[in-house]
Amino acid sequence: MTLPAPLTGVVPPVCTPLTPEREVDVPSLLRLVDHLVEGGVHGLFVLGSTSEAAYLTDRQRRLVVEAVAGHVGGQLPVLAGAIDMTTPRVLDHVREVTRAGAEAVVVTAPFYTSTHPAEIARHYRLVAASSPVPVIAYDLPTAVHTKLPADVILELAAEGVLAGLKDSSGDLSAFRTVVSGARTHPAITGFSVLTGSEVIIDAALAVGADGAVPGLANVDPVGYVRLDALFRAGDRAGARAEQERLCALFGMVGVGDPGRMGGSSSALGAFKAALYLRGVIECPVTAEPQVPLSGGEVEGVGKFLERAGLL
Amino acid sequence: MTLPAPLTGVVPPVCTPLTPEREVDVPSLLRLVDHLVEGGVHGLFVLGSTSEAAYLTDRQRRLVVEAVAGHVGGQLPVLAGAIDMTTPRVLDHVREVTRAGAEAVVVTAPFYTSTHPAEIARHYRLVAASSPVPVIAYDLPTAVHTKLPADVILELAAEGVLAGLKDSSGDLSAFRTVVSGARTHPAITGFSVLTGSEVIIDAALAVGADGAVPGLANVDPVGYVRLDALFRAGDRAGARAEQERLCALFGMVGVGDPGRMGGSSSALGAFKAALYLRGVIECPVTAEPQVPLSGGEVEGVGKFLERAGLL
Amino acid sequence: MTLPAPLTGVVPPVCTPLTPEREVDVPSLLRLVDHLVEGGVHGLFVLGSTSEAAYLTDRQRRLVVEAVAGHVGGQLPVLAGAIDMTTPRVLDHVREVTRAGAEAVVVTAPFYTSTHPAEIARHYRLVAASSPVPVIAYDLPTAVHTKLPADVILELAAEGVLAGLKDSSGDLSAFRTVVSGARTHPAITGFSVLTGSEVIIDAALAVGADGAVPGLANVDPVGYVRLDALFRAGDRAGARAEQERLCALFGMVGVGDPGRMGGSSSALGAFKAALYLRGVIECPVTAEPQVPLSGGEVEGVGKFLERAGLL
Amino acid sequence: MTLPAPLTGVVPPVCTPLTPEREVDVPSLLRLVDHLVEGGVHGLFVLGSTSEAAYLTDRQRRLVVEAVAGHVGGQLPVLAGAIDMTTPRVLDHVREVTRAGAEAVVVTAPFYTSTHPAEIARHYRLVAASSPVPVIAYDLPTAVHTKLPADVILELAAEGVLAGLKDSSGDLSAFRTVVSGARTHPAITGFSVLTGSEVIIDAALAVGADGAVPGLANVDPVGYVRLDALFRAGDRAGARAEQERLCALFGMVGVGDPGRMGGSSSALGAFKAALYLRGVIECPVTAEPQVPLSGGEVEGVGKFLERAGLL
């Protein structure tokens, strides 16, 4: 399936269920995909941060893309992350995930190394030159430790290097600069501007976003699809109310004790615990070296689900 | 060859010469290794940051370790970086580099993901449990974006999880805490504390460092070996003078125009240009997406070599 | 005049015009105040960051508040910043600015010193206990280097310590947490949540902001008042169009050469150049040690004004 | 007394004892000064960070300088901080502290505002042009959030704008660049390079520092003076042993519970508790909004004193 231009709607970054031995649990993964497709989502993004891509080996990454792309069989677009430190390593991932069926690749700026806007632009140009599918830039400063500059994104969009942006920076002002720039630039058409936020999607749509990539949509795809539909139908108040319901549900990411674990253990642990409690996946375990949620913390996730009417 | 405990002296992070097509240039690499061994260095560290490990594909990384370990054949210890985002991915690298002949692995804290001291400790425990060779912690906050806490390092040293520390944090106070803690802790023996600095090795030795891992030793191994020997012979003034000569030479890392490139392009470009000008390697190119030095910038490197009597 | 609870609408942070000798230019200041009042703004915030409070001596700060409060004489509320490093110094400013006529004080978390949420809460409790007027928290992480935690703000709002929040953090997700928390908390009434943004006011209002404190409203108060009115009238598309016009105008903050000056010199220089070009103030100079805009950069500001129909 | 050029030896940043009501306790302050002078220190630095300058009102700052300068009456040089956000405010402090008897002023780069090397240089030039006494740059990135660039310091030293540097950055590499540059630059003479560290003074002296400004010297002036004397006598091993004893004592700064207070509350609270336990000051209280140490934490400080033979 060709990537729509622009891609719109709800495109969840798909969690990667694991067995207790930390192997990819393919049956759970496919149940999760069915749960999302039945929830009405408009695309699937595998091997993103919420997918624990940073924790999966190359073999596991390949397995995930093959399983998901094979299962959905062109019903809806499958995007795959090609997350690594620099261009040569990203090119290897691009080759692997596109062979396995990905219809677009999602790529961050270089990280670990010190970098420069000129090097970021060079990176994306080289990736696009090698990729058989469209390239979407992934702006995630909390992981990458640089912010993708709006002018670089727009320059690369105008050159045809980038097909879209997944913005998880939390900076709606910069996001708006890209949205407006992409709309008004004569050489840019069909560029997808997607927010990675769970909690300000109504606001992002209001400034002109094409869609959203919310990790919490794993847990409540129906809610996010409803929010998107309400907004597109012009019901701003309804969209805001649905967004606020989802904001409350999102509180689950803080369930883990910060004295005992980092933010990733807590947030990804909560999403997986919620999927486990909802009966979608077999085992809520996260990849090493993340710290598992305690029994009490999993119960805490359950309370968020109950209050949201999901349990 | 078994890793000395502690490892002392000068252990350069070996540059990875590339062909114009960005393939590993094995003949140049082996010439560089000979240049270092003849310079009197006490060990070799491949696949570190100065080696552009972040830019090398898995295949290239394997090739580097095989070539170097095969070439030195146990004359001096070969350490290899196993640089990746999280435990499962690091374990894959550990397996590969030890199969290829590495006698110790050098491992950072997790990066890209948000992390926590408990997760860092868990990471190193899992790596050590799987590694057939000693594990050395690599503290590089500019790349990893966390500082390895001294108390975590000492706890893991006391457990036998860590065999040493390569500290590139620039924080000599914290370094001293590890040095003193390792010396006085009853359960710690043979722990290697190495500084990654090029410019304060005399000071690091004075507070108790075992050795140094200076990138600039690629360019002037003889100078760093002399500095180490002078210090060990009790000639503090001589060591300081040699260090100051090397500090001046280190100025080459700023040769690249900061308006046109990042710090990695400039510093690694300068080291490779110097090796090229000294006739050690065939081609000064750095890996993508780094920006190459201009002709004038390469000439600037030459001036640093001249002033240091190396050309 | 008592501070409305909540305070709504457009409350510009009033620029402080200076003479070429860097003394407060009171006639220009009062012309600027008239320009804002005639533009329809709903309150005035003196001694904020846009007012160059950080650059004004205590004597100058007092002069500004006396001049403005005396001039507007209760027509609309006058808020004043009490910007300093810690509680004892802030208390001195609170005493001075309230004596001079301020009807609310705007206070950041401690800065320069290392701090902790418990110390931030203690700080605001002590300030509120001494202040004869309501206290508004000022969240400006780029200056203060901590982010005010949403839970601390809500706790202090519920205690009656804080009357409002001026949020210049750029983080709309955290902003929404405060908005929603203030609306649903049984002990919180009349709490004002104001965004400090120039460019996402429509989005901030859509998530429930009470008003805005945009520096650019010095230049175009009519535009910001129109945006606010359109939004309140339910005309979302009209509000968005007006916001986008103002976003384009805001581009002026980047007019200064980043190789020659910092962001404050450029942004505050641009606002003052615009006020000068519009005939509101006598002299566009900014306080020391900011670098003045060049003639060409001032012309650049003029072009932004022309494109916005303001010249 | 004229400031020696260069200033050498131990120059403690003098704590500011407070009464339970948080007023300056002048009798305790003078006892502390006597304790330092009797300990053999080579100068006194009032209104530094360790002096809680950021927490003192203007009136209190003046009182401190008058009391100390009046008391020591030219026996040894008195330096005073002029800590504020920008040039105009710093100039007011410079005038006040020099009127009150300070023989040098210690000044940071601008903070709170965003800044640029050109603005930092302009700031120091303006301060020096107005100051009747020498100006020493204060590099404290944890408070100021910029690092003073070595090339800017050396340029200003060569112009005669700066008389010295107090470096509390923790970055010994950059410190060495200043030391070496000041020594070799033909236009720089008598420039004082002082480290603000408590724990690597032996190393700083070894790379060429003129002296040290350790906060812990309030607690143990004799120890720091001994360390300095041992080093100058060529007894490197003795100096290192004394430094290591002081490093152990410095552990007291971590006595406060990080869940309950920030680093300033803990470190300054520990120094004052130690002075109280040693009978030098009347009351260990720190300024608002710092959190006081608990009884148990004060006991913890006592244990550090006991182990160091100071109680």
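Before moving on, here are some points about what is shown:
The chains carry the letters A, B, C and D, assigned in the order they are written, with residues numbered from 1 in each.
In this text, contacts are C-beta pairs under 8 Å (C-beta built on N, C-alpha and C of every residue); 3 or more make two chains touch, one makes a residue touch a chain.
Since this is a predicted model, take the numbers as computed values, not measurements.
In terms of the stated touch criterion, the partners common to chain B and chain C are A, D, listed by label.
Averaged C-alpha coordinates put the centre of chain B at 35 Å from the centre of chain D. Per-chain CA centroids place chain A at a distance of 49 Å from chain D. Residues of chain B found to touch two or more other chains are absent. Chain contact topology: the protein chains form a single closed ring, every chain touching exactly two others. Here the chains touching each other pair up as A-B, A-C, B-D, C-D. The touching residues of chain D, counted against chain C in their complex, run 22, 49, 54-58, 60, 83, 85-89, 91-92, 110-116, 118-120, 122-123, 126, 142-145, 260-265, 287-291. By the touch criterion given at the top, residues 170-173, 176-177, 180, 197, 199-200, 202-203, 206-207, 236, 240, 244, 247 of chain D touch chain B in their complex.
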